[in-house]
Each structure stands twice: as C-alpha cells, then as structure tokens.
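The data blocks that follow each hold one structure.
Each of the next two complexes has chain A plus one more chain, namely chain B in the first and chain C in the second.
Coming up: the complex of A and B.
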C-alpha cells in the first residue's frame, strides 16, 4: 500500500494542501481534475521532485519521503512520449532493465515478451521516429511496465494522441496494466468519460486538494460537493440559483422547480445542479434556445430559462433555431442541491 | 466575407510528384458557403493543415484553383486574402505582454490605438484573459498560451474567414465546452466563415454546420453531422464518426441474398458480384437490448459494461461469433455475463460493398 499522509507543498502555481490517501496495490486509480488543479503535482510529490512542506509518503508502511527517485520503485509515462531516439524499440525497452543491473540476456527476454504484450513485436527493430504517435506511446508504456515497479504513474498519457487512437488505447491500457497485482496504478486525466471508464477508484482534485473520492459511478450519481459536480460530467452539469421554501425548490425568478419532498432542507438559498439528461422535451418549463450542438446521435441544447442557463442532452437529432421557444420538463429525481458552501445536501441522510 | 471554393485542387510537397502517393492532398472539389462553420476532421497526417495553408496562402497548390466569391486567388499573396489563422504550433512572443500579443495582428495592420484597445479588451473578455493582459506571456501555462493564440485569430472582425488549426488540444473539457459555444456565438454575430481543424470527432460535429472527413489526403465524405452519422458513405467514416465507432459485421452473399450470421439478418439485393466483400454497419446507438423471446437481431452475451456517466457502453459477444457494441442509458439494469436478446431497426442497418455504402433505406 502507498500512503500519502497530510502532504502539503508550497508551490507558487499549484500548491497542495494536506493530501491524505491510501492507494492499494492491484487497483487502477484515476486522478481527475481541471488543468492546473494539482494532478501532476501529486505525482511529482510521489517521485520526490517537490519538497514536502509537511507530511510523509509511505510504501508498505516504510517512510520513503526522503528517498532518491530511483530508489522509490516507480515508473512514469508522460504526456510527451519520451523514448530514446537513437535506440530501436527493443533497446528502448531493455534500457531501464540494464539500469536496474539485470543481466542482458534476461533483460532482453523480458523486453521481448513485453513488446508482445503491447503488440509491437513486429516493430522491434524500428527507431521511435519511424513509429506513429500511438505506437510511440505504447513503447513508452512498455518501458514503464517492464520495470515491474511497485508504483506505475501515467500523467495524461493520451492527451497528445489523435482522438480515435485515444479511444483505442483507453480500451487497451487497463487490459495490459491489470496484469500486475502488486502495483499501484495512478492515471491522471482531465476527461470525465475517460476517468469513468478506466478507474476502479476515482479521486477528484480541485485547487490542490482532494475534493472527493470513491467509485466512479457513485461520484457521478451523487457528487459530494460542487467541486466534484463541476468536473464529473461531459457535457457538464449546469448550475442555477434557487431557494428552498417549506420543502419546495424555487428558482430565482419564482418558478417552482420541485413541488415537494425537500422538507429535510432548511429554508434558504441553494445552488441547483441540473444534469444534462435531467431535462427533456415537452413540459411546463419555458425556455429559449441559445445554441444547438449535434454530435451525431445526440443533441446538446443550450437553453435560457427565466431562472438561469442550462444544458439539455437529447437522444437523437433535433434541430432548433437560435431564440426558438421550447417547453421542457425537469426530472426531479436527478436534481442536485448544494449549500452555499458547496456541500451536497440533496439526500436526507446528508 | 466570401464563399470559398477549392476547385480540382491538389497538392504535393514533392515537386517531382508522379504517383498518387506523392500527394498530400489528392484532387478535390469543395465549396464553403459564406458565414457557415466547417470542420476538417481526420487522423494526423491526412492533409488538414495543408488545406488550411492553401486557403490562407502559405502554400501554393500544385494543381487546381482557389476561388473567393468566384475570383481566382490561387496566386494571391497572404496579405491580399484577408484571412485570420490560428496555428497548430503557435508562436507566442514571450517578451511581450499578453495584451501586446493579442494586439499584434492589429498593430501589423496599422489600426488606431483606440481600435486596438477596444478589440483587445473585447477578445480578452471573451476568453477570460482580462486579468492576464498586463502579464508577460512567458509566465503563462500551455493552455493559456493556446488561448492567446486563439485570441490573436479572433481579434480582427474584418476578415473573410477564420481558420483554426487544432486550437483546443491542450484545453480541458470544461473550457472546451465554453469555447466551442463562444466560437459559435462569434460566428453567429459576425457572420464570419470559420474552419476548424481537429482530430476529435465530437469537437468537429458539435462545432460545424458541415464536417469534411479526410483520410490520406482524400475527402472521404463531407456533410452535416446528421448525414455523417446516419449515412456514412464508407466504412472509414462509419468508424471515424461516432464513439464507439460503427459496428461492422461480415455479410455472406448467397446468390443475391445477403445474410449475417448469428443475427437472423437477411436481405435480397440485385446485382451483387460474388467476388466483392459485404458488411453490415450497425450504430451502437440504434442497437437495443430486448427480452430473449423478442429478439430480432440474435442473442448475445454481455462481456463488458463500461459506465461512462450518463451513457453505458455494452460489449456483447455472439456465440462463437463476433463482438458488437451498443450504447444505452439503461446500463444500470444490465449484468455482466447476462444472455440478452438484441433488436435493430431495419432502416438503420447499412450495407457496405467493398467498404462503400450501397443501401441505406432497406
């Protein structure tokens, strides 16, 4: 187990505040957050590239906070696929093993089977420059995997690849990586769908802090706070102002958004989260279309209500003119309510 | 403002071009209406940047003509074309402030100080860069630099077209969502034609009135997002548009009757050369799970469930047969290893002959 205990870092741009978390071996952890939230900073802290101003890092209960990077038993895959340009693919994968003082013949054998695993056996003799982006990133992955490191970190590894390749590697990566039950796997991304698909456990980072963690689906259905709600969905959740009055939810213009069932929430202002699939065509709410985006099978409609702006995701293709008036309904089961300090207060138990 | 026409245009970077392979752009003919939004979509190396550079005048095509409102501008210098371009690998002037970087295209064209300030403030406000205006550009992060480069492209509103070469790659999805909307608003308000280059089909589809899908220097299909989704003219477009991609199942040709194993699909058609390859294209969005007794498209086993938020992607396997994916919002009620029935609306099943669409409305 890899543990972060009250880690803080004083960094001018992306400081970290009091991060504590236990990562278990054999699990795939995704760290999701916006650009600049502190995702890479956490990985850098783990590697010992940032001075901790507080806290400690332990691996199997042993404090590794002061260990030099190459003694931390870690492997990293970067955004920019970094391979040695002068070495062919096979030697690129052998190289980290030789540095670990593994015998050449053993290293070679390991590298060959790793290339087989990532599907690059036939390209073993090529130089990195003769490979496509996706192939280069698979070489980088093979180089990281072959070390059998206890901690495997991937920092937005797909961000520089074509979208279709990303889709393909997103399917391949977990299959390749899940073969090492002793390793902790950390994977950072800004893409909610990618994180949802890959993660066994999901951590949301916001402003240098862990804003939430848990099973992806639970975080999606029931984000603990606004910071999580703001990054967990694509298309994003819309937020409007409202207030609770005797169990009713009322929009800023007086529209009743939910008739009843909210007695457990004290009267007063709340922030209302509307999932894109919470709105559907036909109903009581009047809105004006701001913009329609069609992404093939679905239509994303940006709507102006008298209580604010919200995005509606519809199955199928629907054409609306800008400024067209349409009526929609709101599925009250998926409404999320947040207190003014950002805590999710929708459910009674909260 | 102008209509842009690429007439029998082709380009090879190799002056001694002989074979088709020498061409980064194979002969193509496209017309872009004034004021609309377009996207050039395709994998890297397919010729998107080359096409943009031909329009802006940085590259002179080796064959064919470029017309603005019917006027031949193939040999006109960049400065005469009045086109704003956001480059894939932008140059940000590190020694200048953010404001000076944004003002650069205006200063070059000798705008008055007053106009410069007005335009720069407006574009900074649009891109949420106002607080950064006095800062030195070198202090910015990669995504902020990309915004500046975008801002430089949008700062002039007296142009024929704005060409955007992958301006959103290192921007996170939340910001992308906002920017897409802002770009569309600028287009609606100003009526300037916009051409966006991207490898991300979702970005292309949501941005553009019309998407040009390219592969290997060829236009594979050009059309509205709806047409590309519903009627992909070839298997490449079926694969490239849509996430997950279109499923393709092999079809057998028995004397003019096409059948698809495991699914019960069969279709009689005229004139089907027996040497050709046939396949059935199925969008994951149209495939539905049903009770086994109501199955009209075979029985399959659920071998993977990927929950991606609102939607779930379900991978199914026919007995000893191929895999097929479907997309649904009801994924929470499904179980791994469950045996389920499938149904598929016949009019959404597309038949491909040697990778080209031959039937769409059965």
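Coming up: the complex of A and C.
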C-alpha cells in the first residue's frame, strides 16, 4: 500500500497542502483536476522530484520520503511522450531493466514481450523520431510497464494525442495496466469523461488539496462540495446564486426555481448547481442563447437567464442564433445546492 | 520571375564561393612557384604560364634560412590544441550541465552571474590577459612549454565550451534527465547515458570552436613562447625575413589549415546527427 501522510510542497505556482491518502495495489486511481490544481505535483512529490516541506510517503509501511529517485522503483509516463532519442525502440524498453542489473539477454526477452503487448514488436529497430505520436507514447508506456514498478504513474498520457488515438488508448490502457496487479496505478487527467471511464477510485484535486475522493459514479451523482462539482462534469455544471425561503428555491431575480421540498434547508443564500442535462427545450423559463456548440451528436447551448448563465446539453444537432430567445424547462430533481462555504447541502433536502 | 531569382541566387553563391576559394587556390598556386615565377607578374596556370617548383614544399622539412622544419611546430600545435580543447570541453561541458540543470546561489550571485563570469573571460582584449598569464607561467616555471600553453588555452577555450554547451543543454528537456533517474540512473549516470549521447552536435560545435581558436591563435603562442616551444602560427611568421619566401609561406599556410579542413569534413555529419527529435513532444 502506498500512503501519503499530510504531504505538502512549497511549489511557487502549485503548492500542495496536507495531502493524505492510501492507495491500494491493483487499483486504477485517477487524479482529476484542472490545469494547475496540483495533480502533476503529487506525482513529482511521489517520485522525489519535489522536496516535501511536510509529511511523509510510505510504501508498504516503509518511509520512502527521503529515498533517492532512482531507488524508488516507480515508473512514469509523461504527457510529452518522453523517450530516449539516441536509442531505438527496443533499447528504450531495455534501458530501465539494465539499470535494475537484469541480465541483458533476459532484459531483451522481457522488452520484446512488452513490445508485443503494446503492438510495437515490428518497429523495435526504429528510433522514436521515426514513430507517430501514438507509437511514441506506446514506447513510453512499454518502458514504464516493463519495470514491474510498484507505482506506475501516468501524467495526462493522452493529452497530446488526436481524438481517435485517445479513444483507442483509453480502451487499451486498463487491459495493459492490469498486467501489473501488484502495482499502484495513478493516472492524472483534466478530462472528467476519461476519469469516469478509467478509474476504480477518483481523487479530485483543487488548489493543491484533495477536494473529494471515492467511486467515480458516487462523486458524479453526489459531489460533496462545489470544488468537486466544478470539475467532475463535462459539459460543466452551471452555478447560479439563489436563496431558500420556506422550502422554496428562488433565483437571484425572484424566479422560483423549485416550489417545495427544501424545507430541510434553512432559509438563506445558496449556490445552485444546474447539470447540463437538467435543462431541456420547452417550458416556463425564458432565456437568450449566448453560444451554441455542436459536439459530435450533441449540442451544448450556453444560455443567459435573468437569474444567471447556464449550460444546456441537448441530444442531436440543434442550431440557435446568438441572442435568440428560447424557453426551457428545469428538472428540479437534479438541482444541487451548495452552502456559501461550498458544501453540498442537497442531501439534507432528500 | 522564379527563374530569375534562381539564377540570381546561383550567381551570388558562385561569387561568394569564388571569394572564399580564391585565396586558397592562389596559395596553392604560389606554393608551387619559385622566386622568378612570383616576381614575374601574375601567373595562374602551371606548366603553361610558369614552371612548377617544389621549392616551397621542400622548405617545410629543412631547418635552415630557407625554411623551418614544420614537424616540431606542427606537433607542438597539435599537442596544445588537442589537450587544451579536450580539457576545456570536458570541464566546460560539466560546468555547463551544472549551470543548466541546477540552481546555485551564493549571496547575490546566481547561475546567470556565473555564466556571465565564464563568458566575460572572452570579452577582455587578449593584451589584458597576456601580462598576468606571462607572470603566472613564469612563477610556475611553465613559460615556453607545451604544458604552460595548454594551461593558458584551457582558460581561454573553456568559456567557449561553456557558452556553446549551456545553450545546448538548455535545449535538452529536463524531463529527459528526470526520466532517466526514474528509470534507475543516478544523476551522473543520467548525464553520461542519456544527456551526453544526445549532446553530440553541441559537443562537436564546441570542440570545433576550441580547435579552431587553439590552432589559429598567434598572440598567446607568440608572447608565451621563445625557443623551446613553437606553434605553427608563430613558425609561419618567423619564415618572414628580408626577402619574403612566398612559396614557403604558402606551403606552410596550406599545411597549417589542412587539419582544420579535414576535421570540418569529419565532424560535418555529426552536426546534423543526434537531433533531439523523438525525445519529447
């Protein structure tokens, strides 16, 4: 088991504050957060590339906080497909094995098997520069997997690939990675869909802290706080100001968003989270179109209401003019309410 | 229009080539002339316009008033240049890697100040350094020795190596070193196994600069040597007596640039090889 105990780092741009978490071997952990939230810094702290200002890292109850990088038995796939340009594909994969003092013939055999697994055995003699982006990332993945490292980290490994390749590797990753049941797998991403698809457990990082953790579905259905709600959905959840008055939810302009059922929440101001699929065409609420985005077979419509802005997700392709007036309805069952300090208070009303 | 530009481009290149190559051809032609051929007006084509003579080339291996045996100065120059360039390249590369990868701070002095300190050695006019170098070598009893010159040239060449290599290392992604360490290399191993093999073009450029400067320098070779040690540029000048032996001078000059030309051809392929494509995307 890999444990982070109150780790902090004093990074000038993205510091980490008191991160504590236990990672179990054989599970796929996704660390989800926006750019600059501190995802990469967690990995860098684990690798020993960032100095801890506080806390400790233990692996199977052994403190590895002060262990040098090259003896930590970790593997990493960077987002930039880092390979050794002077070595061919096979030698790239052999490289970490030779550093582990494995016999060259054994290392070679292991590397060849790994290249077969990632589908690159026919390109073993090529230099990384002679490969496509996807192939280069497979080399990096093969080099990381071949080590049988106790901790396998992937830092947004798909971010520089085109859409199709991303989809393909997203499907392949779990199969490839579950070859290492004794490893803790950490995967950082900014994409909620990717995290939801891959993760056994999800950690949401916001401003250098763990904002939430748990099963992806649970976090999506019931984000514990505003920070989690802000990153877990794509298209994003919209937030507008409102207040509770005798069990009713009223928008900032006086529009009644929910007639009843909120008696358990004390009167006062709240932040209202509107899921993109909570809004649908036709209904009482009047809005003006700000922007329409066609995203594959879905349409994302940015709407301006008198109580604030919100995003509506529609199946199929719909075309709206900017500033066009449309009426929509709101599914009150999916409304989320957050206190002013960001805690999810919706549950209290259920 | 395109055709016109193409012709113009080729014309310019031809002109420039003539400008560069002509002095060499002229030296080559002169080296095969004798006193009569040289003083008889401009002649270009051997056998037709003048009778070729080996007098200039023969003088390279005679040690009398007609010439200087080139072997001694050649060996001295080669020794000084190779040793000083090697030491400069090794020390300069290590210094440059340190300055590129690690952060140093001593009071107000930071990495950029240390880098400037190295480069500033080359900003000073040579005459400023000549007297201190002379006194230092005298104190060390190294005046007029190959070892003394190696020491001086190392001090002069290292800034070039640092300057070239620091820029090159800055262009190698730091993530490559980090990846090597994650893959099990200590920092030293990461440098030798990953960074250095990918720095060959930089090393070649730095090495070339060091060799060219070391081989061609006249000023320090002249001020810090007397009779025991003589480098090629000084030997060439010492050929010049009351009657300038242009044939010997030309042969001498051609021999002295030959190693540089050969090196340039050998290292040319390394300049394009070893690019960092495929290291990071």
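The rule we apply is simple: the second predicted complex is superposed on the first by the 347 of 350 C-alpha atoms of A that agree within 3 Å, B and C clash if a C-alpha of one lies under 4 Å from a C-alpha of the other, contacts with A are read in each partner's own complex, and residues count from 1 in each chain.
Following the convention adopted for this analysis, contacts are C-beta pairs under 8 Å (C-beta built on N, C-alpha and C of every residue); 3 or more make two chains touch, one makes a residue touch a chain.
All figures in this text were calculated on a predicted structure; none of them were measured in a lab.
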Overlay on chain A: chain C relative to chain B, clash or fit: fit
Which superposed partner A:251 touches (first chain B, second chain C, both, neither): neither
Touching partner for A:143 - first (chain B), second (chain C), both, neither: second
Touching partner for A:133 - first (chain B), second (chain C), both, neither: both
Touched partner set for A:74, first chain B, second chain C, both or neither: second
First, second, both or neither for A:96, with chain B first and chain C second: second
Which of chain B and chain C A:208 touches, first, second, both or neither: neither
Greater chain A contact set [chain C / chain B]: B
First, second, both or neither for A:224, with chain B first and chain C second: neither
Shortest CA-CA distance in Å separating chain B from chain C in the superposed model: 11
Footprint overlap on chain A, where chain B in one structure and chain C in the other make contact: 133, 160
Chain A partner contacts - residues on chain B that touch it in the complex: 43-44, 141, 143, 169-175, 177, 180-181, 184-185, 188, 199-202, 205-207, 224-226, 228-229, 239-245, 283, 285, 306-310, 313, 327, 329
Sites on chain A touched by chain C in the complex: 47, 49, 68-70, 72, 74-76, 78, 80-86, 95-96, 99-100, 127-131, 133, 136, 143, 147, 160
Residues on chain C engaged by chain A in the complex (per definition of touch): 173, 175-176, 178-186, 189, 194, 197-198, 274-281
Chain A to chain B touching residues, read off their complex: 13, 34-36, 133, 159-160, 162-165, 167, 190-193, 196-197, 216-217, 220, 230-236, 275-277, 290-291, 293-297, 300, 302, 313, 315, 317, 322
